[in-house]
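Please find the structures below.
Consider the two complexes below, in which chain A is the common component and chain B and chain C are the respective partners.
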Partner chain A sequence: MTAIADLINTTKTYYCLDCGVCTGSCPVSRVFPEFSPRQIIERSLYDLEELSDHTIWSCLTCAQCSVRCPADINFPEFIRLMREQAHFVGFDGVPAHNGMLQTIMSIQTKDVQQNRLFWIEDGKTKETGDVFYFVGCRPYFDIIFRDIDAGSITGAQNVLKILNACGVEPVVSNNERCCGHDALWNGNEEKFKQLARLNLDLISSSGAKQVIFSCPEGYHTFKNFYPKYFGELDFKPVHILDFLADKLNEGVIQLEGPGEEVVTFHDPCRLGRLAGIYDAPRKILETIPGIELKEMPRSRENGICCGTSGWMNCSSCSKEIQLQRLKEAGDTGAGTIITACPKCQIHFRCAKAAFDLDIEITDLYDLVADRLKTE
Partner chain B sequence: MLDVGRHSNIALLAYSEVEKVDGQAGNFKVTVRRKRRYVDEDKCTGCGACAEKCPTMVPDAFNEGLGSRSAIYSYFAQGIPSTHTIDPDFCRQLKGKKCGICEKVCQADAINFDQEDKIMELSVGAIIIAVGYDVFDPSQIPEYRYREIQNVVTAIEFERLLSASGPTEGHLDRPSDRAVEAEIAGFEKNLKKSERTLEKLEKKYDEASAQFYDKYQQGQYQDDEDRKKWADRYAAYLTITKSLDDLKNKAESFTVAKRLAFIQCVGSRDFRFYPFCSGYCCMHSIKEAIIAHEHEPETTSTIFGMDIRAVSKGFEEYKIRGGNHSNITYVRGRVSEIMGGPGNNPVVIYEDTQKRQVESQEFDMVILATACAPTKGIVELAKIFGVELDEYNFIRTSPLSPVDTTIPGIFVCGCAESPMDVPESVAQASSAAERAAEIAFQPNL
Partner chain C sequence: MGDCHYLDGNVKAEKMFKMTQELVRILGIDLARLRLEWVSSAEGGRFAEIAREFTEQIKSLGPSSLKQAA
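Take a look at the complex of A and B:
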């Protein structure tokens, strides 16, 4: 049996009804018709698909197709496994930024001295403790994407500020590694496993019972993929949105004005469709006095992807998707599009710079930190 | 239906619920709650005078909420028994307010606000469950935006819009346009009120409002409280006229819906909801498209689906006839998404899998061919009767005894058992009646 035929069986892709819902839903297919999830499956079922097919790297793995699929086919997972096979025989996608980010991921699998904590300033952290704040790739992004003012590190500083305001002094470690999300979706399972192992050992040595994430990719990877490869975790991955919602309910922190602002919210795919967190960010926005939330036509389950994922195949198609999304945001009458993912931030800010668009792009945690009520 | 109502051997206990079932085949004791109608069924002649005079209007459930009925009502005109019922959730009298108009107008003296539920016990030999089904609620599919886009309707809603006895008398007025018409009616009511008030004031001061208002705006009468009120009223009148004119201008361009999209398999053949094929929806979409075309020959319809399951004698021919004579286009492709478009026109996004192209197309109205879902109370009902349900919550039968439930002496027919069309339901009903008779007429019982 060929590798692809094998995949069809393990993922039950043979249930495909050939109905076209996936391709009709796909943000890539609408811009780049050569890519069609339905046709990839069709070719696979007829044994016509090749691992060298370059379109398999165009998938954003955003799950817009799979949440709508009437046959319950997990197309992103099918693509991920296919990429794994393709990578194994020497085919890869086109890395963005000349592969710089993939190299940084590789370096982190080694015993390296990192400089991950330069940003902490007056934030309070600990060496060991119950709560671990998994910062993710923000310190690296901060350096790489300074030219587009990505504000990645401000996000980390603000998350720490929020945690401190809630009375939590988390463990933040210089030895944290990339969570492996991108390696996994780039088809490089080996690299993913090396990174994940290092992270698990690190968290275990910190004694943490709870690991807090502000990055939806890290949360999704820890929650859903780490147990698949390494068994049950001995800590609980917690998304900061859930954590924040509790603290706001308990009245531990309060949010205040000033100023009226109309905003719209972009659901990151890992946060919304893959983690099912839709209401928490909206509740927080509602809690902030003076903030009015205007929804885009494509929101929540129907939220469109930010255009590229896994630092791969960033193309004119990505830019078109981003441009349309930012226009959609502007059409609601909102002056600011709020996201809750460092990569959505980078992608949108890049498109804003490229097309010179008149819309602000803000991270939800930056907004919350800015509106924290101080006694 | 009328035959059942008239039959001397059939006692019809409508508006009633089974609360308990004891015994076994040949000898069941069934406890039935006859819910109070607040109307004496034996006295009511069904003349409808009460419903005509009733001041409280509520959404009409029979018309899927598209029209309204009064708080005292008969579910639909041809229903049996031909009697009326008071809706206790809305009736002013029952809500403790002053009313009782229906009682005054009823010549048969049938209204009884003090009526109580009656519990009765029946001894029966066999039971047939024929509780039907519910329409799948498409708001569970977020990408179809059923609640957000007014002109996306279910097939049953569309059926009522097409019906000569429905809320639009068979004209395909779009829900968004009807909402505007309702708004206009509201404004017109306010306008009349406003005009009456102004008239009184004009009489009092013997001056036309417009003339007075000019003077007022130029600075006259500023200290006169009464005239100040007049000015406010007139300003309000002007706003109403303006809004009314705008809406009326908008309404001038309204026409009946002429470009229709039918979306098949909404909730069925879908692992997220019901994996089975509901069986009848392909045919009812074709039928609705043909009737819409009969009403208005300019109507074009597009039916989107994975395949058209026209399986039975003459069905395929009907489908082809729809294509040849009723402007129906069949597109192979399941719809991915419905978005709101300009002019309240829904935009359908899909892949035409034969052309291998993603397309988007604007329609006047989109009709969802919703799945056949088990009726809401069926789990409760199954407990009361002791019968088993299948994995979808339809009543379980076996292929070789398709109307026998898991309890001897209790039978099932129609969509309580599985999705089926009218002829099949009729055949099953006859079969279930025959099976019941076999038990009820055993000589040794």
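Take a look at the complex of A and C:
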């Protein structure tokens, strides 16, 4: 059996009805007609697909197709497995930023002593304890994307500020590694496993029972992929948005004005469709006095991806998707688009700079930290 | 600076070098393994001298921890 025939069986793509809902829903197909999930499946079923097909690397793995598929076919997973096979025989996507981010991930599989905690200013943290804050790649993004003012590290500083305000002094560590999300979706399972193993050992040695994430990719990867490869976790992955919504509910923290502001919310694909978190960010926004949330036509389950994923195949198509999204946000009458993912932030700020658009792009944690009521 | 055959090539190179330096630092790799020198195509002797000296420096640092398995 060929490698592709094998993964058709694993993912049961033979149930495909050939209806084309996937291609009709796909944000990439709309701007890059050569890419068609339906045709990739069809070609695979008729033994016509090749692992050298370069379009398999254009999928954003955003799950817009799979949530609508009447045959319940998990196309992103099909693509992920196909990339694994393709990578195995020497085909890869086109890495963005000359592969710098993939190199950083590879270095982290080694025995390195990182200095990634440079960003902690006056926040309170611990070396061991019940709660671990998994910061993710923000320290690296902060350095790489300074010229587009991505503000990646401000997000981490603000998450720490929020945690401290909730009475939590989390463990943070210089030995944290990339969660492996991108390695996984780049088809590099080996690299993913090396990174994941190091993270699991680190968390286990910290004694944490709860790991808090502010990055949707990290959360999704820990929650759904780590157990697949390493069995049940001995800690609970918690997304800060769920944590925060609870704390606001319990009255542990309060948010305050000043001023009226109309905003719109962009559901990151890993947060919404892949991790199922839609309500918490909206509840938090509703709690802030003076903030009015205007939804975009494509929101929640229909929210569009920010245009590129896995630091791969960033192209004029990505830019077109981002431009359309920012225009959609502006059309709601909102002056600010709020996201809750460091990568959405980077991708939108890059498009904003490229097209000189007049819309503010803000991380939800920056907004919340700014509106924290202090006694 | 600015005196570059590729117009602002050296300005860009310096920016890229500074970013790399910061990344190398937080990755925990010795900064002595990275160096920026300006050498024009007419300075062959100087190029050889710098290359020799930098090679000596790297040799004296020994293999980096990246060589070892994780």
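Operating definition for what follows: the second predicted complex is superposed on the first by the 375 of 375 C-alpha atoms of A that agree within 3 Å, B and C clash if a C-alpha of one lies under 4 Å from a C-alpha of the other, contacts with A are read in each partner's own complex, and residues count from 1 in each chain.
In the analysis below, a contact is a pair of C-beta atoms (placed from the backbone, for glycine too) under 8 Å apart; a residue touches a chain by one contact, two chains touch by 3 or more.
Bear in mind that the values here come from a model prediction, so they are computed numbers and not experimental data.
Undergrad: Once chain A of both complexes is superposed, is A:Gln194 in touch with chain B (first), chain C (second), both, or neither?
TA: Second partner only.
Undergrad: Can A:Arg270 be said to touch chain B (first), chain C (second), both, or neither?
TA: In the superposition, A:Arg270 contacts neither chain B nor chain C.
Undergrad: Chain A residues in contact: does chain B have more, or chain C?
TA: After superposition, B is the partner touching more of chain A.
Undergrad: After the superposition on A, what does A:Thr23 contact: first (chain B), second (chain C), both or neither?
TA: In the superposition, A:Thr23 touches chain B alone.
Undergrad: Between chain B (first) and chain C (second), which does A:Arg116 come into contact with in this model arrangement: first, second, both, or neither?
TA: A:Arg116 sits against chain C, while chain B stays out of touch.
Undergrad: Please indicate which partner A:Lys247 is in contact with in the superposed arrangement: first for chain B, second for chain C, both, or neither.
TA: After superposing on A, A:Lys247 lies clear of both chain B and chain C.
Undergrad: Would you check which partner chain A:Ile143 touches, where first means chain B only, second means chain C only, and both and neither mean what they say?
TA: Touch status of A:Ile143: second partner only.
Undergrad: Which partner chains sit in contact with A:Ile107 here, chain B, chain C, both or neither? Use first/second/both/neither.
TA: second
Undergrad: Overlap the chain B and chain C contact sets on chain A and report the shared residues.
TA: Comparing the two interfaces on chain A, one with chain B and one with chain C, no residues are shared.
Undergrad: Within their complex, state which residues of chain B touch chain A.
TA: Contact set of chain B toward chain A: 142-143, 265, 269-272, 306, 333-337, 339-340, 349-353, 356-358.
Undergrad: Chain A touches which residues of chain C in the complex?
TA: 19, 22-23, 25-29, 65-66, 68-70
Undergrad: Spell out the residues on chain A that touch chain B in their complex, using ranges where they run on.
TA: 15, 17-26, 29-30, 33, 36, 38-39, 68-72, 297-298, 300-302
Undergrad: If you look only at chain A, which of its residues touch chain C in the complex?
TA: Result: residues 100, 104, 107-116, 118, 139-140, 143-144, 146, 194, 198 of chain A touch chain C.
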